[in-house]
Amino acid sequence: MDYYLSVATFAGLNVILALSLNLISGFCGQVSLGHAAFYGLGAYAAALCSVAGLPMGVSVAVGMLVAGGFGIVTGFAALRVREDFLAIVTMGVGFLFLGAVRKQAWLGAEMGIAKIPSPLDKWGYAALAIGGAVAVLLLSLHVRRSWMGRAFGAVAQDEDAARSIGVDVSGYKIAAFFIGTAAAGLAGGIYAHMTQLVVPDAFNFVQSVTILAMVVVGGIGSTLGVVAGAVLLTLMPEMFRFINDYKLLVYGGLLLLVMRFSPEGLAGLVHRVTGRRLA
Amino acid sequence: MFYLELLLVGLVWGCTYAMMALGLTLVYGLLRILHVAQATVFTLGAYVGLLVANHTGSLAGAFVAAALAAGLLGPLVYRFIYRPILDKPPFVALVASIGLLIAMEDGFRLLFGPYGLSFAKNTWFTTAVGFGGLSLNLVQVWIAVAAVVLLSLFALFATRTRAGVAWRATVSDPSIAESFGVGVSGVRHTSFFIASVLAGVAGVLVGLLNNLVEPGMGSVISYKGLAIIVLGGLGNVPGTLLASLLLGVVESFGTVYLGKLLDRDAIAFLFLILVLMIRPQGLLGKAR
Amino acid sequence: MLEGVGLGIAFGGVRAVNGVNLRVERGELAGLIGPNGAGKTTLLRLLTGVLAPEAGSVRFEGKDVTRVPIHRRAQLGFVLTHQIVRPFREMTLLENVMVAAASEVTRRPWRALASVEVWPARQRALALLERLGIADAADKPAHSVPLGYLKRMQVARALALEPRLLMLDEPLAGLNYTEAARFADLIVQLNAEGTTIVLVEHNLGEVTRIAGRLLVLHNGAILAEGEPREVMARKDVRDAYLGVQAAHA
Amino acid sequence: MSIKSSSRLIFTALVAAAFAAPAAAQNIRIGFHAPLTGFAAADGKSAVQGAELAVEQINAAGGVNGRRLELVIQDDQARPDQALPLANKFIGDGLRVVVSGSYSGPTRAAAGVFHQAKVPYVSAYAIHPDITRAGNYVFRTSFMGEVQGRAAAKLIGDNLKKKKVTLVTLNNDFGQALSAGFKEVAGRFGIQIAAEHTYAMGDRQFGSIVASVKKDDPEALYVSGYFFNGGPLVAQLRAGGVTVPIIGTEGFDTHNFIAIAKDAAEGVMITTSLDRDSSAAPMRRFIADFETKFKVPADMVAASTHTALYVVAEGLRRGGVDDGARIRAAISGLKDFEVATGRISFNELGEVYKAAQIQVIRGGKFRHFATIDDPVLLAPPTK
């Protein structure tokens, strides 16, 4: 039972991470290769607060704000550079976060932050992670339906045209980064309390790629597709436990094959088979 | 003397980056693809070179074999992975490329073992060359030589040969080039071939430099390569070379003076971000 | 209504626009013309805020808007359309216009997030599509309809912002003779309904036909302005066009 | 050879899966996780080999109380988020005792889970000080980084009489712990630290560190890291003209280090637990059997994991196979228990005391140089 609970908890966290990246990259069109940094910022900030004695709820909220705050800064960077330049800059943000944390004694450097108080039990974390995932899912569906979603679409499809019809492109980019990174911070806060330990390596480039992979395997821009992608890629290593040694080979190969044969991901597959577009 | 040594070290690093980044910028210039999987080509070159060197004892044979193996793999990657998805959004090729990298990294581990392999005989590695108080090992000297020679050959190719001119025409506008009878497909295959040969040779050199060929050896240099081509101004060849050397030197000095605050990768990317915030089009890129 | 004072900018030492002064009065339909390379597009970019001028200023309804970003100008009622049509390709024509029609809501991201009501914007967008005669393609994705539709959609999108000043950058380019004439008539009609319009155009026939006043740009400066037929009759204007065309031939 | 070993792994896994239910009655299943894939796969492979050898030896000697041991191996990719579900899976599958053949991140993440479930958990070579602090069901059989760092300080200051030392530190938990331990006691041995230079896990080129070391002009170098950093680093230091003694750590304790650094490895000393010239039977037997079975010389990761398995087996032998609390008590009561890495005793925190072996590379082989057996200096923390 505990095994399924912990898998479900990670599935919930991954759904939050994937949906939050989808908001930035899928909805607003700003490719990010450094999303794990915001996951990490949330985790570290929440960990510091909790260790200092703040209650978990407050710590997680601070984690979200810190991640979102740095998200805004990254959003400003996205105003200067676009597309492939932005992809590499966000990748740089990830490396910069990691390289800075590794060297800061007050963040525990390589040892990370340990002995984070853990007020909930396994059921509590599973409920929290899944609850968070549902909340971010509802938010995503709402954003898509709201005028914000349409304005994001305009920014993603043609920035200049969007500007000429009065859309505050900069404002929307920053908003997308803020919402997306704050949600990643939420996942980080939950993660920190659950594992009671944060170390830099948990938030490296591979983690960023993993999150991006969930988004594109699900189908970038499609909320339900991304949820499916996140759940699938969380379960996959578990289902493949019996091929221990070939796990990454299969994982990488699958990414390659999905992009090669169904670049619109699961959502594209559903569209092709049923003729319906996923939300 | 200390500064001179750091400068020299940085320039040698810059040379390895340049051999990797030039190929990346070729591919980007043609196809707008961030070819992360070039790391796979690099690693393949290193393994083939090492196996040939250890079995035949011939380093020359190792380089030729590595160049051929890499030169074969690159165009295959283009033909069977990138070409069918060229009309998709750019992240599709990027993710496919990352997928290939992850899979192949583990493929190398399964094939050749996780510990990495060392050259049985590596005299360049153990030979120190001193001049005026500075000392390098022979591999470092050869890396600088190889970079200069290969890049000069490339410059000759691009400016003096018909294929090179066709390549430049295709970079600036594929449709116009096609209407002048330039075979775009041929140019693309050629470019992947050249990029891959450079990467394969670089792989053997870095393998010799570390005396270690390991499954994951390509990934970091490949990410740095991406940073470099962006820094240079995407698709801009002189910019790429300048950025390679500059990044090597920044890392070499940065690790000494900023080492307490940031690690080497972070220093490189911080430099990249700062430059891009001031010049969003990269060092030598054209403003849009 | 719109005033440019001493506008100037240089690219790599070449003065593309050199000390241009111009005024557009409320309610008029002004044509801005000039031979290739005269600096029309650059001037337009300076006026609309795509480029920041090195010298001079732009005033809109008495307010200095030189440093005001494009989207703010659009919100103020100073709207431009692009020479090359720029639809939101994945949206339908209707959705394209709806985004502009909801400008009041989409102005601020947080307000946009709070609002899901589509009906008013949808009604207005539909009305505009009908007005421009492209309502039959309302639900087609923008990437699938012909150029003429997109040109009109772009005007509909601009009108959805209820502009007081509309700058149209070569709206007739790429249209055949009848299409262009019909489109020109529409512009006249819009102007008659109270929208001040600045038309940047290559199609001299249509411009002379519909504009109330012409401004001729040559070598980055205003060469002539006034009543269209009179302006076109001037020798320096003819020389400017012929000279350039001769050089091109 | 690697394909063979991986297919063997798969085969073992499949067989384990197929016979899980009936075999459970007879075999004692021991959970084991290690990074089989990903960046740490090299250590993962050594860890698996160490564990497999231990199980084979124990079973060949009649097993535990007449029952055979069986490893249940899982891959954690050295990632904490992989280790958590895995830990819960082991518990859910009813395993009574688990060994970590992995790094600190996953081990620390899993430690809390095992402690809560009252499943004794032995970490073979993860270095993070907080691992054993997760609770008293958690043990560690390797040196803590700090302890090993202290041993190195004594070696340099006392045995070698070098007083001006530059530290070249790998920037991860292992390197930082070693450095902290070294600095903690350096003054006691009259050592003055000229400078400390750090590098990252992925670094293989150390030109700027070599230049800096030459500028520092120390009498000795204390270098942390693993063989894949240490090999190129030592070679580049020697090629750059640095001739002073280099003292490394158990991270270099593998023949791969010598294969990479070649002649430059000559004279390098390391602090470790494995003595190639030992007369102690378990150590000799481990070194010999390992080479016979796997056709490569043993390394420290394998030795640590081998030790962890022997500790677990002894715990099962003394505490029975069903009750976690009794197994735990049996393990924590081990005193002067003879294993491949020496004579070990656990303290109240679950940390181990053992003598430090100083090995020096001569003629391309690790040889005995000295033994530091100082219970005060090498005492692990108790809380």
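Letters are used for the chains, namely A, B, C and D, taken in the order the chains are written, and counting of residues starts over at 1 for each.
Here, a residue touches a chain if its C-beta (ideal position, glycine included) is under 8 Å from a C-beta of that chain, and two chains touch if they have at least 3 such contacts.
Every value quoted in this text rests on a predicted model; they were computed, and no experiment measured them.
Central chain (C-alpha centroid nearest the global protein C-alpha centroid): A.
For subunit A, the chain with the farthest CA centroid is C.
Centroid to centroid, with C-alpha atoms defining each point, subunit A and subunit B lie 30 Å apart. The distance from the centre of subunit B to the centre of subunit D, each centre being the mean of the chain's C-alpha atoms, comes to 36 Å.
Subunit C has its Cα centroid 47 Å from the Cα centroid of subunit B. Put simply, the C-alpha centre of subunit C and that of subunit D have 72 angstrom between them. Annotation for subunit D: residues 6, 37, 171, 198, 200 touch two or more other chains. Of all residues in subunit C, none touches two or more other chains. Among the residues of subunit A, those in touch with two or more other chains are 99, 102-103, 245-249.
Chain pairs that touch, as defined above: A-B, A-C, A-D, B-D. Interface of subunit D with subunit B (complex): residues 1-3, 6, 37, 39, 41-42, 44-45, 171, 197-200, 202-205, 207-212, 214-215, 227-228, 231-232, 235-236, 239-241, 254, 256, 259-264. Taken together, the subunit D residues at the contact with subunit A in this complex read 6, 9-10, 13-14, 17, 36-38, 73-75, 77-82, 84-85, 87-89, 91-92, 104-105, 108-109, 112-113, 117, 128-130, 133, 171-173, 175-177, 198, 200. Residue ranges of subunit A in contact with subunit D, taken from their complex: 1-7, 10, 99, 102-103, 109-112, 114-115, 118, 122, 191, 194-197, 199, 201-202, 237-238, 241-249. Subunit A meets subunit C in the complex at residues 142-143, 145-148, 150-151, 153-154, 157-158, 160-169, 171-172, 175. By the touch rule above, subunit B contacts subunit D in their complex via residues 2, 5-6, 8-10, 12-13, 106, 109-116, 118, 122, 125-128, 130, 135-137, 140, 206, 209-212, 214-217, 220, 251-253, 255-256, 259, 263-265.
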